[in-house]
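Working notes, beginning with the structure itself.
Per-chain numbering from 1; labels A, B and C assigned in written order.
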Amino acid sequence: MNRFRLLWRKSLNVVMLTLTGVAALAVVSVLFLILGYLIWNGGKSLNWNFFTQLPAPVGETGGGMANAIVGSMKLLLMAAVIGLPIGLMGGIYLAEFGGKAFSFAVRYTADLLNGVPSIVMGMFVNLLVVVPMKGFTTVAGGIALGIMAIPITLRSSEEFLRSVPVNMREASLALGASKWRTIASVVLPAAKGGIITGMLLALARVAGETAPLLFTAFGNQFWSPGWKQPTAALPLVVYTYAISAYPDWHRQAWAGGLVLLALVLMANIGTRLVLSRGGAARSV
Amino acid sequence: MNTKKTVVLVCLLLGLAVTLGADSTVLLNAAGATFPYPIYSKWFNVYHTEHPSVQINYQSIGSGGGIQQLKSGTVDFGASDMPLKDDLLGQFSFKILQFPTVLGAVVPTYNIPGVQAELKFTPKAIAGIYLGTINKWNDPEITSANAGVNLPANDIVVMHRSDGSGTTFVWTDYLSKISPEWKSRVGSNTSVNWPVGLGGKGNEGVTGLVQQTPNSIGYVELIYAIQNHMGYGLVQNSSGKFVKASLASVTEAASGVAAKMAQDLRVSITDAPGATAYPICSFTYLLIPVKISDSAKRDNIKTFLHWMLTTGQSQVEALDYARLPKAVVAIEEKQISQIQ
Amino acid sequence: MGSHATAVERAPSPWAGRTLLRRLAEGDAVAHTVTLIFAASIILITSLLVYQLWISSAYSRKTFGWHFWFSRVWDPVFEHFGALPFIYGTLVTSAIALIIAIPLGLAAAIFLAELAPRKISDSISFLIDLLAAVPSVIYGLLGIFVVVPLMRTIIGPALKSALGFLPIFAGPNYGLGLLTAGIVLSIMVVPFIISVSREVLLTVPREQREAALALGATRWESTWKVVVPYARAGIMGSVFLSLARALGETMAVTMVIGNAALIGTSLFSPGDTIASMLANQYSEATGRLYLSALIELGLVLFLITFILNGAARLLILTTERGGGRPA
């Protein structure tokens, strides 16, 4: 009896442990499947035209996504200008100055902001910016993406600032520097690597967002000059093309998806490599 | 330090370059119907080539979207297949003019594996399919009109629009006219409470769904079915004849209304009389505010409208839209002068 | 207390009489204020968001009241708005996603925390984190062109032949639908379950494992019966986090769910989630009531994700502080 039970337990052990390995393998292989599909279907459409031309009229073949790529870059620039300073400064406050109650409130609301579904964020910015400004604009899209970048930047900035050793700060203070001087000249440079990677990760995250752009950036067939006009964006165009029936649009959707994924993955891989080399590795 | 400075400088320059757009360009933003999107897309593209300083950015988000965004003032003009009745006009804080642009047909497109023939649909069949009372392809109502076609006993997958659509309005307007049950149960509007079916976004989305889903049927503007090489059926008109959507049959449907349009450009031409008339077609409208404060925008919109009524009309037939009747063109030319 | 001869004189304030330093001190105050303002702006933005959603949904809340939540009818023509079909779709797709993702994710997390050598564990974790970074629209793209045909041609018929008698697998299989959306969602949330579970499993003290092994447990038994229960709270937290993510997911879902405001008993039936229908209908909601109803739905979605996120954080914190209760 005992021996049978032992055999059962031993075999169960082997089976379950193998299953866990299989599970991990299955999940990882999904990533490669996604990449593989995109490269296979999108790779052949990545030509010079794709990167330099504007979209062709509906139903005609050819044309490219040049305006969507530039549009996404402009939106990211705007998001960086709005979201990153708030996140960084807020992180500095929380790490260096914060009072208990107020810091708790800031962290709590940042968490709240992080959890807002992206479609609701789009609706909010639409009500707040688009309707009063009477127009869909790159600014509105940038604001939506920027707000979404704040919580990630805040959390990673605070974390990396806190990780700067206390003795560095105390040494600086002992030398007569004031607090702000310490922060500016000693703490920030020390935490620089982590903070920048946090910012890049935040931008990579918002670069792929589509829902907030539906009601803010809106889309554009042409180049979008300045900041107060609607603009095309890579995720928006991929979405529009993917749900259509035109094979040429499908082809371009794959290519656009590949470009988008490549950018996001490169940012993620690059920053994490830098982080791990620096020794401080924490997932967000 | 040097590399940092150059990076900052490059970024600033890029930012500057990107910000200083071509400010002499007149930028018009419009949104609305997907029904005429292929021809509008062509028009705005050609117009831009002829007038490089004018850019008309049109987003095809559905007639409902066009109406709403025009109301909010976020676009310069809108597009809708559904003409706006007075109660809807009352919700606007400013007056708008409605300009028919082209005539188009809404066709029932389908994807039945093994069936290549052109199917004939009676009004009862279409109403039954969309009400959910007819749910197999070999239902007698369908087979009786299609002798000789081997229709399978498969379930019909019904596709409709998930967004606010003028095409939906035209389709449901027709259904309301030929089916009292539809009229009382569902009604006609850009967005309705569908008894059955899956939703696709835009004419593009419905076409895509039908294309990819076996045994499905959907309603789309004619050019979408043609451009995507999909089969579409004939519909029985009020005279009892099965008519295929074409330039001729659509033009015929509009032939009776030109006189009425002198009073009011908002007409419905579904289930029109006439032996060769196609029963499910519609004008589609551009919604233009009467008062446009920006003079550059105003002048360019007026110029475009003139262009649309003359040069533009010569391009519509290549995309299987029918031209506006000459009488209607004349009425619209006069209406343009109302824009201030 | 008399003064001592050796009393230390109070050191003069370092700022006293030093104008340069006083300026620097004010610089400190300036820095404090500036960063405070930025931090406060976060609170301001969030409050503004909640406020805007609240007042814009007021009309709908007043008109429908609690009836909004239980009405099945979404009729823009007759202006009857009820949220039930969308709540149903949201809950069902998220449930399917969790049913698939929790066993898969937990198993993978166990592998990474307990079995794999540290280096392999780190590299695989890294790859799984990349999966979390893939944009939603890309999942949608693959959903339309890969998962939907797969569902229609292989998975659906297989399920039907094996389990077709169950009402949840009855009805026609279009490829699009609740099940497909659930499957796509499961892939999107599994990285969160793995990443957080792995971390909490790693914090379980070695003594727990070793005690179990010393008592004769197999590796699996020690993991499943001792370590995992110890980390139970944190794992629950990861589930809540994933649920919050799944509820708010928009693009991937709207591209594969079929967009029909129905409550279908079959998993093959099309449906709609709150996020997906907001994406479709927001820009064209004509009429005050319609728009207000949509915003009310957005508010509800926000509140639900807020509660879940809060609960998740609490649970994860409980485990990390070593709050695992003895089994």
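Going forward, a residue touches a chain if its C-beta (ideal position, glycine included) is under 8 Å from a C-beta of that chain, and two chains touch if they have at least 3 such contacts.
Not measured: the values here are computed from a predicted model.
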Classify the chain contact graph as line, ring, star, complete or other. complete
Higher C-beta contact count, A-B or A-C? A-C
Could you please state the distance in Å, as a whole number, between where the Cα atoms of chain B are centred and where those of chain C are centred? 39
Interchain centroid distance [CA atoms averaged], chain A/chain B, Å: 37
So the centre of each chain is just the mean of its C-alpha atoms; given that, what is the distance between chain A and chain C in Å? 16
For chain B, residues contacting two or more additional chains: 200-201
Residues of chain C that contact two or more other chains, please. 144, 283
Overlap residues in chain A, where contacts from two or more other chains coincide: 243
Quick one: which bits of chain A touch chain B in the complex? Just the residue numbers, please. 56-59, 70, 73-74, 77, 130-131, 134-136, 218-227, 229-230, 240, 243-246
Applying the document's contact rule, which stretches of chain C touch chain B when the two form their complex? 73-78, 144, 148-149, 152, 172, 174-176, 254, 258-261, 270, 272, 277, 280-281, 283-287
Chain C residues touching chain A in their complex are 21, 24-25, 27-28, 30-32, 34-43, 45-49, 52-53, 56, 103-105, 107-108, 110-112, 114-116, 124, 126-131, 133-138, 140-142, 144-146, 187, 190-191, 194-195, 199, 218-221, 224, 244, 247-251, 255, 275, 278-279, 282-283, 294-295, 298-299, 301-302, 305-306, 308-310, 313
Within their complex, state which residues of chain A touch chain C. 9-10, 12-13, 16-17, 19-24, 26-28, 30-31, 34, 37-38, 41, 85-86, 89-90, 92-94, 96-98, 102-103, 105-106, 109-124, 126-128, 147, 150, 154, 178-181, 183, 204-205, 207-211, 214-215, 235, 238-239, 242-243, 250, 253-254, 257, 260-261, 264-265, 268-269, 272, 283
Given the complex, residues on chain B that touch chain C span 61-69, 71, 88, 91, 155, 157, 162-164, 186-194, 197-201, 209, 212-214, 216
